[in-house]
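Next come two complexes, and both contain chain A; in the first it sits with chain B, in the second with chain C.
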Partner chain A sequence: MLELSQQAIFSGLLVGSVYALVALGIALTFGAMKIINLAHGELVLLAAYMAYFIESRTGWNPYAAIPLAFAVTGVVSVAVYLLIDRIREHRELNSLILTFAIGIVLTNAILLIFASDVRSTGSPFLQDAISFHTVYAMKSELTAFFLSLAVMAALWWWLKASWYGRAVRAVSSNRDAAMLMGVDPRRVELAAFLVAGVLASVAGVALFTMSVVQPALGPALTVKAFIVTVLAGVGSIPGVFCAALLLGVTEAMTVTLASSALQELVGMVLFLLVLFFMPNGLFGARARRG
Partner chain B sequence: MRTLSVPALPALLLAVAAFAVPLVFGANAYIMGLFVSGLIVSGVALAWALLGNLGGMVSFGHAAFFGVGAYASALLSARSGLPVPLSLLAGGAVAALFSLAMLPALRLSGPYFALAILAYAHIFKILATEASWLTGGSAGLARFPTLPTIAGIDFSSRLGSYWLLVAMVAACAAIYLAVKRSHVGTALRAMAESEDATRVVGVNATLLKSWMLLLSAFITGVFGAMNAHIINFLEPDYAFSGSWSVLPIIAAIFGGYRTILGPVAGAVLIYLFDQLVAKALLPVGHQILLGVLLAGMILIAPNGLFGLFGGKRKRAAHAAA
Partner chain C sequence: MIRRSFLAVSLCAALTLAASAKAEEIQVGSHMPLTGSLARSGQSFREGMLVAVKLFNESQSRHQIKVSLIDDESQPAKAVGAVEKLVSDGAVAILGGYGSNIVGPASDTSNRLGKVYITAGAVSEELVRRGSKNFFRINNNAGYQRGFEGMVEELKAAGVSIIASTREAPMLLAKGLEESLAKKGVKVTLHAFDPAITDFKPIVNKIKLQDKPDLIFMSAYENDYVGIIRAAKVLKPPVKLIAGAWSLAIPKMYQDFPDLMQNVVGTTPLPYPVDVKDEEGKRFVAGFKAMFNKDIDYAATLSFVKTMVLCEALARAADAGTLKSGGLADEVRKTSRSSPLGPIVFDAVGDNPNFTLSMGQHQDGKIVLVSPAEQSTGKIAYPGLPW
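Presenting the complex of A and B:
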């Protein structure tokens, strides 16, 4: 039992890093535009299917699909932005319904192109296991973990040091003030959506290598990312990362100790507990209440 | 000055249409079946629009209430021998009870609430599949009573179900109108303008929103129960299908979610379009057309197709005055 639990914690940490990438994509666009992109899960799924497409056509390592995946998610992400930008009234509600509709379109487009079958990687290299004393991991999981860390570090640097990243943070904290300082919010929002596309492409390809994908997965991914952002409470990268690892570990423990069908349930229970007892999230400041 | 919330002419047109449908299609069981299902969606669309318009909340998870109502009514009528008319109401009541579990989500602001309710719908589908001792699990539930025959009218027949649903939708529209015109409706409208200002004058905004959520869940649950007794078969993937969330949203947006009759008419039209046109064009993935339609409506006419005309008329009247 102890060894099983150790293994579950280890695997959960590795999967959680990918959840963090998905959640950061949603958090980034929410920060910049105060709009939740309900089609973000579908963007991730689209990238996963690009990995499947490349692998099944060429037999290459699915990670070779990242450029193609980024091209596709980038274009779709920018298209989502341009469509949202056309909304004039009741922007908050209408953008939700619009991105929900885009999610339906993407899910069914994937269904039409790739059929409803469950897909996973056939790469023997990625499915190879490496053992560390009592626990083991597939190479795909380790690759995904370290790649996610690298992408998060890059994102952190981008937000901290680059002009656009700083502009995104400026627009997030005070849009009007940022405009007065000469920041064009539309270019910044566009940049945020593009970067969200980058995050989605890496997350999608990683997801394909380490688990199975199917067209109906999109909303579940969006929900997971949402749970992570509520757990984290704030949009900081370390906060989201920790919350995502927590969700990953909780899910893995549930699968190991109870049943795989309850995997999604336990995330929701965690979410409800946080909502009841710590409405500002695990890492949110108390002052933000209300 | 009181504005008339239900324009007399559209209401009259809808009533005429409701009487014309059985006269024209009465002999065609398939088409009547489509209208019956369309009316089910009408009821849910009305409930969705009530929450959206009065409560200011967008729900992506009405399938949860729909499925809970369906299972509650089916199980109560089969296991406890509750008469079906009562079990329909009980289905609504249980759906409302389950919506209490969503109340903590009301703490979340607009977009976060929408996501929370999307998550809830997932949960209920999993619960219904897992609790197979109660629901029969993914194998489904088939042995429960159909709609009864009362005073010589067989409500389980297509025509009987049709008229019952027409009456129920009309009753729900009347309830909606009554709520909208009551002081609760006034408070909710004020809340939509400025929630903080409404709180300051002593309106318990969260309580009112909770009531709207309960009412919306109740109506959705009743229609879910109706559907269960009409179809006479239930399985989690069907009862909690995302379609029960998606179709009412599209119907309400299409018809205009700030109106009362728009979602009702929109639901029947959208359902017929989905079944007769979209499914004929694309047997798999036909929802892509609904998605395109929904996105198009939000971008071009967010106040609905009928709102488009209504808006123009209002503006014209304003200019004339």
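Presenting the complex of A and C:
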């Protein structure tokens, strides 16, 4: 049982790091604009297909696709923002419907272009197993874990130290006051969407290297990312990472100690419990106090 | 001489035109998941259906089948709407879709509207327990079950771990296998998993450290197969063979994932390279190549057979003058024919009791039929694993 639990915790941490990568983009736009981008999962998926495109056409390592993936997801992110920007009333609610519709359009565009086949990396290097005593992982999973850490640190630094990052926080805190300080909220929101596009591109490529992608995957990614965002609480980037790892480990331990059929259910129960007892999320309230 | 040739050509043209003019057009409706989560299977179903209709229309001149196809987007409600629309547009029968949860309500609607519904993509037992007189299906859960059970017996496996998606069809197959193999003295452990799972290492680790079976059987879909085998490749459980159900022993899986598929076994009607013995199968292979420039696959074959069965029944009913008076269901029920999937007949509840599949093993890009022994086209690699 000890060996089983060790592997479950290790696997859970690795899977959780990918949840974090996917969730960071949603957390950023949700935190900055109070907009839940329901097409974020499709953006991640789009990036994953760019990785497939580069690997299948050139034979290169899928991570070489990140610039192309960013170009594509960046353009789509800007387009999504420009559409959201046209909403004049009830922006939070109407943007939900709009981004949901954009997600459907993107899913079907991916289906038309790449067909409905399942795709994943063929790189033997990335699929090679690495063992640490009694636990095992693929190289792609470890790469994604460290990439996730690096991306989270970079995002945290960007929000804390860069002008645009501070502006994003200012707009999210008080849009009118930020405008009075000379911040153009539209430019700042656009920047937030672009950064979310960068995060989606990294997440998509990482997902392609360690898992299987298919056109219908987008909504599942969005739901998972949303759960992580709510678990973490708005405004906490390290919180997103910790919440994602917590979700990953909880799911893996459920498979090991109970049944794999309960994995998603336990994740949802965790989500509901946190919503019920800590409506600000696991890390949201503490961050605000700080 | 020139005048005589001209007259002959003119006569032929006139006769052809006359024949076409006399051909009765029969409108058939179809709903398939061309988009959404089942799109991969839906697209194959569409291709098989189109080839069947083309070959049938070319094979005779009395009846021309015209199919109107609606994408049900892998959603039951859309499928119900599609059936209603197709029937209101004049469809006399419905070529059904894919997935028991979609086919169920869609075929209920078709039955309520008094139209025959035929499918090759729904294995739930509930569908044939309803007692609908207008429902027919080519394949069923028992056929898949028989295929794997036969192989377990031939290999004399002592233990089997089943990894099954909680979706209806995979779980039905898994539970059927669990029960039947246990009765035969095989130690069976069932690991059900939620379809949203992508990391299978915790499950495979349980199999490695606790179950220690001879065989792993995956009752799932393509994306799950890839995840499970990849996890197994990392953890290397001490099993002798990995097998699975539908859409596994197909050339596309080897082409897309050659490093994962070697020696993996799945249910299949045909070996690859395709080797069909019967004339109809040969025409299907050639027609499919001509239309889509690729080899037939498993789902397309199922769809081809169901479409041919319906086309023939439509023609018989039209000839008998009973097409519009409810005679089509009786004509479908009278079906007794061979096919690339084996003999096709329908019992009182519209099921095809003869449906059974062989087990095919991926061997260096080929699919070799390895079980049952009398159908085998090569020797099974056993123990045989992808790593």
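Here is the rule we go by: the second predicted complex is superposed on the first by the 273 of 290 C-alpha atoms of A that agree within 3 Å, B and C clash if a C-alpha of one lies under 4 Å from a C-alpha of the other, contacts with A are read in each partner's own complex, and residues count from 1 in each chain.
As a working rule, contacts are C-beta pairs under 8 Å (C-beta built on N, C-alpha and C of every residue); 3 or more make two chains touch, one makes a residue touch a chain.
The shown structure was predicted, so the numbers you read here are calculated from the model rather than taken from an experiment.
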Side-by-side fit of chain B and chain C on chain A, or clash: clash
Partner chain(s) touched by A:I102 [first = chain B, second = chain C, both, neither]: first
First, second, both or neither for A:E264, with chain B first and chain C second: both
Which of chain B and chain C A:L142 touches, first, second, both or neither: neither
Which of chain B and chain C A:L111 touches, first, second, both or neither: both
Touching partner for A:A220 - first (chain B), second (chain C), both, neither: both
Touched partner set for A:L4, first chain B, second chain C, both or neither: second
Touching partner for A:L194 - first (chain B), second (chain C), both, neither: neither
First, second, both or neither for A:L68, with chain B first and chain C second: neither
Partner chain(s) touched by A:S211 [first = chain B, second = chain C, both, neither]: second
Colliding stretch - chain C into chain B, listed as 43-51, 97-105, 133-141 or 151-159: 97-105
On chain A, positions contacted by chain B and by chain C: 107-108, 111, 115-116, 220, 259, 261-262, 264-265
Contacting residues of chain A [partner chain C, same complex]: 3-4, 7-8, 11, 14-15, 107-108, 111, 115-120, 122, 124, 127, 129, 136-138, 211-212, 214-216, 220, 224, 252, 255-256, 259-265
Chain B partner contacts - residues on chain A that touch it in the complex: 30, 34-36, 38, 83, 86-87, 89-90, 92-94, 96-98, 100-105, 107-109, 111-112, 115-116, 219-220, 222-223, 226-227, 230, 259, 261-262, 264-265, 268, 271-272, 275-276, 279
For the chain B and chain A complex, residues of the former touching the latter: 52, 56, 58, 60, 104-105, 107-108, 110-112, 114-116, 118-120, 122-123, 126-127, 129-130, 242, 246, 249, 253, 282, 284-288, 290-292, 294-295, 298-299, 302
Residues of chain C that touch chain A when the two form their complex: 35-37, 39-40, 42-43, 74, 166, 191-194, 196-199, 201-203, 205-206, 209-210, 222-223, 226-227, 230, 233-236, 252, 256-259
